[in-house]
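Next up, some structures in structure tokens.
Here come two complexes built around chain A, the first alongside chain B, the second alongside chain C.
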Partner chain A sequence: MLAIKLAFKNLMGAGLRTWLNVIVLSLAFVLIIFYNGLMDGWNRQARNDTQDWEIGNGQFWHPDYDKFDPYTIEESNEVISDEIQTLIEEDKVTPLLIRQITIYPQGRLMSARLKGVDPNQEIIKLPSADIRNSQNKYAAIIGEGMANATKLKVGDQVLMRWRDKNGTFDAHEIEIVSIFNCNVPQVENGTIYMDIEVVQEMANLHNQATMLVTSRDYENTKLEGWEFKDLNFLLAEFDKIIESKKGGGMVLQSILLLLALLAVFDTQVLSIFRRQKEIGTYMALGLTRTRIVGIFTVEGAAHSILAAIVGAIYGIPLFIYLSKVGIYYGNIAKASGLTIAETLYPYYSVGLIITSIIIVVVSATIVSYLPARKISKMSPTQALKGKIQ
Partner chain B sequence: MEIIRIEGMTKRFPVGNGEFTALKNVDLSIAEGEFVGLVGPSGSGKTTLLNIIGSLDTPSDGTATVINQDVSSLSHKQSALLRNIHLGFIFQTYNLLPVYTVYENVEFALLLQNMSATARKKAVMDALDWVGLTDKIKSKPAMLSGGESQRVAIARAMVKKPKIVLADEPTANLDSENSHHILQTMLKLNKELKTTFVFATHDEKVMKYLRRKISLADGKVIADELMQTEKSKQY
Partner chain C sequence: MKNILISLFTFLFLGSLSAQNANKIIEKVDANMSSKNRIVESSMIIHGKRNSRTITSLSYSVGDKKSFTEYLSPARERGTKMLKLEDKLWIYSPSTDRIIQISGHMLRQSLMGSDLSYEDMMDDRKLTEVYTAKVVGEENIDGRKCYILELKAKVVDVAYYSQKIWIDQEYFVPLKEDLFAKSGKLLKQTTFSNVKKVQGRWYPTKMVYKDMLKQGNGTEFIVNSMKFNQEIQEYIFTKAALKQ
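Entry: the complex of A and B
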């Protein structure tokens, strides 16, 4: 208690020097929380969007299906059983039939994926009802990313070629009936969506599907003949991206924190050098060396407490504002090829704030303690004379 | 009753590759309640002797027993405790803590002792009353004159009612009038509280007040005499 009281008195007494350190340290605080909040916001938003648009609460895959191996697609189909049919009718799962196709927009050849989707499904956000509302049997919907890549517009017709289950090629004009906007690139890019029944007929795979997407409230992970892929598996790539982004950010944050800590360290060294007489006086008054080291360590560490308070004064309004208004990324978001919304809303969790405070306070305490250790070796008489170099 | 006993004490300091002997085979005894001065020119060893008595330093040879404790055998913690409970220090440059008020500077000595806030407040106000500074309790050291600063230092040394007060050139930075006030105050406290005062000084003004003068030269005690000056007889 005495150490804390003394530390704050000395800090306040040091005036501008204290406040310069505090401001630099508070910047480190705010930046660390801001950046990690941005990453957490992105993570939450991207996970949410991916679940909404693509994976629901997990997917059941045909055991042979490998999304990185196009050759597995041809054989990765399973008959939709009565049990699954019941689940489809109860809106618990929705089937997708995936085929490899070729389209010829503006005379160019382009490989793509055709996904047969139930036009009546409401499990994923895909506007599949647009297919149902069209009179054209070969109605298709695509995302903005695909539309930009193929220069296709609503109402355009494009030739599509595919192979049925026996390997026989066939082709037909399809009509783009709707273009949707979505933040999840893998939903948009290189993919065309059509009525699953039409795709089944085209591929001669009646009542078959490649995967089943579960609804958000569906929790069963076992279905005969299907392999369940949970969110951890399906979002693993995204998690790695966030991890690497956070890692990259950490370098920047560490540099800033290091600079701030260097200022605290420097202040401590200077303070101990300049206040030798004071240290000697403490000794003469009966303070043990350990206690004096404690006072100086607390004094240095108190910079971080003040920094947290100062950071809170300007950081909290800033964070509240940003979490309401968001940060607009615009076209950069689409161009990045990552699951990222045009406007990112940072998310500041209690855990993030507490972790950041602990990191800064612990590091400030360590850098304050290191120079303060010198006190424990000081001779009281030399300290009183102020002659220690 | 003997409160300080020095026997065959030598203190050497390393200087470059050799050694400097600051005190040579000193023998000394000071009784409780004495008002004694260690006098001598610069380099005679008086501050070194004062530091050893104050357990801020230890002898190289011989023994220094202060309040029945051999300072050579005390751990850092034990010597800190000795200083905290039984010893008060007054320095030439006052050594007040600049960020604290007069009240807090005096109170500081008591914060280390388990004393209630009420008792602490009374002790601080009493100490400031002794030195006539009750009207300056909220002032910071920077706002005080040299004389006032030294009176705060005296109050700080006296607030815990120590058995011994060690004063190193307490009047060196003060004019005659302030020196006189400071010494009058010390004599008064010595009389009223029976506190033993040991000065290190070469100031003639101080010598007029001493009841015993121990003269040092080149680290040796060359004279030890009782004084009968007008000033010292006042109390």
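Entry: the complex of A and C
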């Protein structure tokens, strides 16, 4: 208690020097929380969006399907069994049939991926009902990214060429009936969505699908003839991106923290040098060396406590504001090709705040202790005289 | 009733006669165009939006199962080699010194930016194996009398469900070919000209391929020299020959 009282008294006595240290340390503090909160917010939003738009609670793939190998698409189809049909009717899974196609927007040849989707499904956020509401059998929906790449608008017709399961060419005009806005690039890039029954007829693959997307509340992971891919598998690439982004951010945060800690270290060295008589007096009064080291260490570490308080004064309103208003990334988000919303809302968890406090306090304590160790080697008489040791 | 039956039988009889004639015509076309083997030096002129470029190549082929092509010019393509064995295709690129197998959807990509896909080069089965034919008329093309044949696929694994071919009545050489999708949409058009006699066969030495769904002026394929039934070393049709 004495150590804490003395520490704060001395800190206040040091005036501007203390407050400069505290401000730099609080900046490091706020930045660490802000950056990690931003990453966590992005991670939460992106996972949520990917689940909403693409993967639900996981997907059942045809055993031969490999999303990284387009060669597998042609042969990766399985008949939708009665059991699966029941699940479809209960809105627990929705089938997708994937084919490779070629489109000719403005006479240019362009390879794309055609996904047959159930127009009545409500498991993924795709506006598949727009297909149902169209009178055109060859009604299609595309994302904004695809619309920009192909320069197609709602109501446009574009020629599509495809092959059926036997390899025979066929071609027909399709009509773009709606264009949706989505934060998940892989949902819209190079992809056209049409009624699954029409795609099955086009490919001569009646009642077949490439994959089944499960609803958010569907827990079963076994279906005869299909391989279940869980969220960890389907989001593995995204998790790696977040990890690498966090890693990159850590370097910057460490540099800022090191600078702040260097200031604390300097202050400690200076105060031990200048306050030798005080140290000698403590010794003469009978305080053990360990206790004196403790007083000086607490004094240094108290910088971090003050930094946490100062950081909270300007950080909390800032964090509350940002988590409500968000940070607008606009078109940069789409251009990046990553799953990222136009406006990111940082997410500050209790865990993140506590971890950040612990990191700053512990590191400040360590850098305060290192110069204070010198006290244990001081001779009391020399210290009282204030002679340099 | 009697008149109806007579008309029906006459129609069926003429129809079957037309089919027989058509089959004989495409058999003659196949006999004329197919050979044990051939060596062709050719130029492919690809007409782009802004400019045209010419690629020359030397091809060796045996029947319809094996072929080997080496690109001779321009400098950028020089040394690129292509080997087709049955339904497999490999490409060797000297800049990367790698052999790549082209399969799946890559076969549908354009061959060096032309109107031909790799797949178009792969599918060279005889017409009689794949289609049933019917003579639907006659027409003159560049002053040559032609039969117009309508071909419908008789096998399921065929790229173009139907074709319309104009066959020279004297030389049994196709002078024009329209390739259709299942829906009846015209996908590709080929015109053949400069028919010359080579070692007793009549052969078109200029072909213009046009992808009808794409903008552009098509791709010209000009045969500079052609030899049939030559001695071709067997090692040419191996992957090892690609890197030589």
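What we mean here is this: the second predicted complex is superposed on the first by the 388 of 389 C-alpha atoms of A that agree within 3 Å, B and C clash if a C-alpha of one lies under 4 Å from a C-alpha of the other, contacts with A are read in each partner's own complex, and residues count from 1 in each chain.
Criterion: a contact is a pair of C-beta atoms (placed from the backbone, for glycine too) under 8 Å apart; a residue touches a chain by one contact, two chains touch by 3 or more.
The structure presented is a predicted model; accordingly, all values stated were derived computationally and were not measured.
Student: What does the overlay on chain A give for chain B and chain C, a clash or a fit?
Tutor: After superposition on chain A, chain B vs chain C: fit, no clash.
Student: Let me test your reading of the model: by the given contact rule, A:D164 touches which partner, first (chain B), second (chain C), both or neither?
Tutor: Once the two structures are laid over each other on A, A:D164 reaches chain C alone.
Student: Go through the superposed model and pick first if A:K240 touches only chain B, second if only chain C, both, or neither.
Tutor: Neither partner.
Student: I'd like to know which partner A:R274 touches here: chain B for first, chain C for second, both or neither.
Tutor: In the superposition, A:R274 touches no partner, neither chain B nor chain C.
Student: Can you report the vertex angle at chain A, computed from the C-alpha centres of the three chains with chain B and chain C as the arms, to the nearest 10 degrees?
Tutor: If I round to tens, I get 150 degrees.
Student: So, does A:K151 touch the first partner chain B, the second partner chain C, both, or neither?
Tutor: Touch partners of A:K151: none, neither chain B nor chain C.
Student: Considering only touches as defined above, state whether A:G286 meets chain B (first), chain C (second), both or neither.
Tutor: A:G286: touches chain B, not chain C.
Student: Rounded to a whole Å, what is the shortest Cα gap between chain B and chain C in the overlaid structures?
Tutor: Minimum C-alpha separation, chain B to chain C: 74 Å.
Student: Which positions of chain A sit in both the chain B and the chain C interface?
Tutor: Touching chain B and chain C on chain A: no residues.
Student: What residues on chain A touch chain B, complex-wise?
Tutor: Those residues of chain A that touch chain B are 2, 9-10, 12-14, 277-278, 280-281, 283-289, 379-381, 384.
Student: Under the stated contact criterion, what part of chain B meets chain A in this complex?
Tutor: 51, 54, 56-57, 76-77, 80-85, 87, 89, 91, 93, 95, 97-100, 104, 108-109, 111-112, 156
Student: Quick one: which bits of chain C touch chain A in the complex? Just the residue numbers, please.
Tutor: Against chain A, chain C makes touches at 103-105, 108-110, 153, 156-161, 181-183, 185, 187, 211, 213-216.
Student: In the complex, go through chain A and note every residue touching chain C.
Tutor: Checking each residue of chain A against chain C gives 70-71, 73-74, 100, 102, 104, 106-109, 111, 159, 161, 163-164, 166-172.
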